[in-house]
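Can you keep this structure in mind? I'll have questions shortly.
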Amino acid sequence: MAKNNAAFVRHQLIEEQAPPITERGVVKWVRENLFSSPFNVIMTLLSLWVIYSIIAGVAPWFINGVWNANSVRDCYDILDGATGACFAVLKERFPQLIYGFKYPSTEYWRPNTAVILLLFALAPILFRKLPRKFLLFSLIYPFLAYWLIWGGTPLVPVVAFLGFVIGIYCFRRFSANAFALGAIIGVIAANIFWVLGGYVVDANETFLALQAVPSRDMGGFMLNILLGTIAVALSIPLGILLALGRKSNMPIIKWICVLFIEFIRGVPLITLLFVANVILAFFLPPETSIDLILRVIVMMTFFNAAYIAEVVRGGLAALPSGQYEAANSLGLDYSKSMRFIILPQALKISIPGIVNTCVGMLKDTTLVSIISMFDLVGMIRGPILSSTSWNGVYWELFGAAATIFFVVCFSVSKYSQWLERQLETSNR
Amino acid sequence: MSTSISSERETFRLSMLLNDKRYRSYTFQAFALFVLICVVAYLGKNLVENLAAAGLNISYGFLGEASGYDINQRLIEYSSQSSHLRAAFVGILNTLLVAFLGCITATILGITAGILRLSNNWIVAKLMSIYVEIFRNVPVLIWILIINSIFLAVLPQPRAFKGENPEASMLWDMFAFTGRGIYAPKPLFLEGSVVVVGTFILSILAIFALRRYARHKLYSEGRLINTLWPSLALFVIPTVLIFYALGSPIGLEYPELKGFNFKGGIYARGGLISLWFALSIYTGAFIAEVVRAGILSVNEGQTEAAAALGLRPNFVMNLVVLPQALRVIVPPLISFYLNITKNSSLALAVGYMDITGTLGGITLNQTGRAIEAILLLMLFYLIISLGISAIMNIYNRSIMLKER
Amino acid sequence: MKKTIFFGALAVAGLAAGIVSAGTLDDVKARGKLNCGVSTGVPGFAQPDANGVWQGFDIAVCRAVAAAVLNDSDAIEFVPTTGKTRFTSLASGEIDMLARNTTWTMSRDVDLKFEFIGVNYYDGQGFMVKASTGITSAKSPDIDGVTVCIQTGTTTELNLADHFRSIGMSYEPLPVESGAEAVTQYMAGACDMFTTDRSALAARRANMETPEDHVLLPEIISKEPLGPLVRHGDNDWADVVRWTLNALITAEELGVTSANIEEMAKGTNNPEMNRLLGSEGNLGEMLNLDADWAKRAISVAGNYGEIFEANIGSGTIIGLARGVNAMWTDGGLIYSPPFR
């Protein structure tokens, strides 16, 4: 009825149009992400050029790679002047790169099993959702791994393990009354058991024995993993103790910890390894001979512990002082308040830092190649590069070493980032 | 009441040393001290006995003897007739040199990569995160070795510069990039050069004064003075005028190919270059992570507020975000600088004669004085580390104060 | 071995007993293993093969000593040492003897308190250059400013400095940790010249792809008598090692080889051979060993000459001529005091 005065009013909605081509799909993404400003255009082109030149440089080398040859000369013959890698060295020396050149080849399953079991042993520590019972396996694991890797009779680790069990049992039993008394009784009980067990072990050297492999025969990437894992496992408790000591209000304890931490952090790891390798023997009684690998482990543990102590100290400092006061006001003594209130929270904060430190430790195990141990890098720089057949195959070997380390360290640090996120959400 | 207190005081029993909280800490400390003294005494006793049994002694006399070996890269005069002590000094300076250079380039690299990693440009951000992950997750020793071999393989050797039709040529006839190192012209200071250098320093001081004055004007009167062009003019003109007025007293000594190697000019050996490069690129990856975390830690509101004020993106970054992010970035940066210094001890893998290579390497090998040399070596690193952290802590505190 | 790894935790528990240090010979016998310090890898002299078994000229000395003392040439712990660690390892007792291209010098003998028990290879420091450089002498004025790769931790650094000082020319030292790396650097062109003991140079050159492109310069700039060494002060042990080496040398002089040793040991007309092989006299007893010690030492890999030929001699890829290392009867320097 009412006349429509307006010149034009659309009565129905226009059909939805597709956005202009520049505002959708790949084009939009490319325009916004790669070519949004002149500067970005330059950066994009520059990046593409970098990627192109890397690929152009590496691809022929990689694709032409020779996998089947007996020596570097064979490689050159097969390549016949073309650019190409000589991956045959990796194929031929793979066991040496991984296990060193002296670990008996029939026993390779043992370190392999130990590594797989390590994942199982770590799982309950890292994933809180798993049943707590699995922690028992984590406790047994070090002794099992010792037997698997070094061989010999399983009685040795069994006796050692039982000694710890007895010691801890006695400590639990008696420490209710007096802490010091409990500790002393625990140590004595464990020692008595170890002495007695020593006779049993000596009498049954061959009981269920695996072929014994001395520490000196360990090598390759296995040695890196071995050193890294042991040093990390030992240094975390030591680092926590050092951090607590540094925060302690007992001046002497505090200064001992401060001196230790600052000294270790102030010198490069390589000098500590020189100490282990060159001069430590002068500081020990003349009749002892401690294996080089053990000396190195001790030094690496100290080194890593000092760094972990600083990370944990950061975690302790980040905790609001209300937590300390709350624990005190509940009447908890020092050890209880630390165990139940402070450390669980502080450690949660410091987990990413601890993981970073430990990845650093694993990488630093390559330094043992400088003190004539044949780890992955040591194998390459020593026996493989100096061998007649593979003299001068440099890039392939170091590329492989870098790849192996990258895969391991990258997965560990990715995992730590994931863990960080998990913990973050649980906090809110 | 008072009797109970006094009686408590009097009935101090020995067991209270273990069970009473007030005294227990003394027992612990005494015990710890006792154990520490025992351990030190035990180690000392063993050392003395072992040395006596081997007929050796601890003596630093070897430091005064002629070293008998040559060092290629050196900042101070040294020959095989110089003492071991001087060799150690050459090493110390070399360590400091590579650490200093490494810190600078690692910082530049790290900050660039950290900022670019947050860039909107997808490809750049991805490239940077690949760089960071690859370099962070592979041991630095492997990087040093790989970069050294890349360096050797990619750059031409000096003999490639020889002949009528050389395969390689020098850059502007001044720089020569060879697999053995980089040669650059060396300034020659002739008579009158002091005046030129003095003028240059004075003009730099003048630039600082000008900027200060400009800032003062800005804050007190709100007048913005453009300092860019006057600064540039101050930087260039007086020095150039004096330089030509005095008849070019500073010349350049160009490297020249003679025999097997270039002669003259500044020669940075391959070991130095590859160690420097490897340390920077490795540590740069770590710094990039820290820079990224630092930037992300700055509240988004800050960026938005700055944008609302109409600042352009690079001003937002330089004037608002970075200064706040520095608070988070600087403390870990200090430990990365320390790491560079400590990692420079891996120089011996590429034949760069740092302190580990001279005192802890050849001197140790030639004299057999392992204990003395290693203790001195550790002492040096300890002093450096404590020194750097002290300086950096002061700096750290100064930016913290400004921020509040 | 498990005792060593267990020592830290269980020393108190008696599971790991320290070795009572009555004398190195007794220690070795009690341990049942000889700890022998070797280099980390010099082709022909000491190098693990593809199976991880150590082979080489220096290794043979270790094996002979182990056979003489322990009746088992494999009862050896080969401890790889670097230039930095070799002397401290020996001084601290980690190794019983060092058989690692070590030059006998006065200061090492007197100041560092070691006892060189003899010389198993007379060497001298030489130079290798690429043939394309056209250099024929290490004294020619052409070599001014040359870059030289040296292996650190040896006497070569000092000799090199002395040599260039005496000819009044400049050079660029490029110190490298190991021999293998020195070769890699030399091949990549990081240095024009590679210097080390001439035997090692020959070994490295033989290992190269095209050995004919590299020349050894005629100059030998130092005397490098290489030999095994032990600690000062333990004369009984030093005697065992010294006379084991001498037994290998004497065996060559007398014509005892691994092939005929069984026959010879039954007794011959030669009284010295009989004393050596234990069918006459009580030389073994004097060393606190049994009568067959020398026979066992020689049966491992034969006499000195056989060991030489098998590891570094002209038949091998390394191809060293006997030269001054020929028996004294052939005009060389290899000479053993009599077994009497």
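For clarity, chains are labelled A, B and C in written order, and residue numbers in each chain start from 1.
To be clear about the criterion, contacts are C-beta pairs under 8 Å (C-beta built on N, C-alpha and C of every residue); 3 or more make two chains touch, one makes a residue touch a chain.
Source: prediction; values computed, not measured.
Counted by C-beta pairs in contact, the busier of B-C and A-C is A-C. With respect to chain B, maximal separation of chain centres occurs for C (centres as means of Cα atoms). Chain B has its Cα centroid 27 Å from the Cα centroid of chain A.
The distance from the centre of chain B to the centre of chain C, with each centre set as the mean of the Cα atoms, comes to 42 Å. Here the spacing of chain A and chain C, counted between their Cα centres, is 39 Å. Residues of chain C found to touch two or more other chains are 84, 88, 92, 177, 184. Of all residues in chain A, those touching 2 or more other chains are 274, 278-279, 281-282, 285-286, 370, 381, 394, listed in ascending order. Looking at chain B, one finds that residues 50, 53, 149, 348-349, 370 touch two or more other chains.
Listed in rising order, the residues of chain C touching chain A in the complex are 1-2, 4-10, 12-15, 18-21, 40-43, 47-48, 50-52, 77, 79-82, 84-85, 88-89, 92-94, 177-181, 183-184, 187, 207-209, 317.
Chain contact summary for the complex, chain A toward chain B: residues 29, 32-34, 36, 40, 43-44, 47-48, 50-51, 178-180, 249-253, 256, 262-263, 265-271, 274-275, 278-279, 281-286, 333, 359, 363-364, 366-367, 369-370, 377, 381, 394-395, 398-399, 401-402, 405-406, 409-410, 413.
Residue ranges on chain B touching chain A, taken from their complex, read 18-19, 21, 25, 28-29, 32-33, 36, 43, 46-47, 49-51, 53, 116, 119-124, 127, 133-134, 136-143, 145-146, 149, 338, 342-343, 345-346, 348-349, 356, 360, 370-371, 374, 377-378, 381-382, 385-386. Listing the residues of chain A that touch chain C in their complex gives 72-73, 76, 96, 100-102, 146, 150, 152, 156, 159-160, 163, 191, 194-195, 197-198, 201, 212-217, 274, 277-279, 281-282, 285-294, 298, 370-372, 374, 381-383, 385-388, 391-392, 394.
Across the complex, chain C is touched by residues 50, 53-56, 68-72, 80, 149, 152-153, 157, 159, 179-180, 258-261, 263, 270-271, 348-349, 351, 353, 357, 361-362, 364-366, 368, 370 of chain B.
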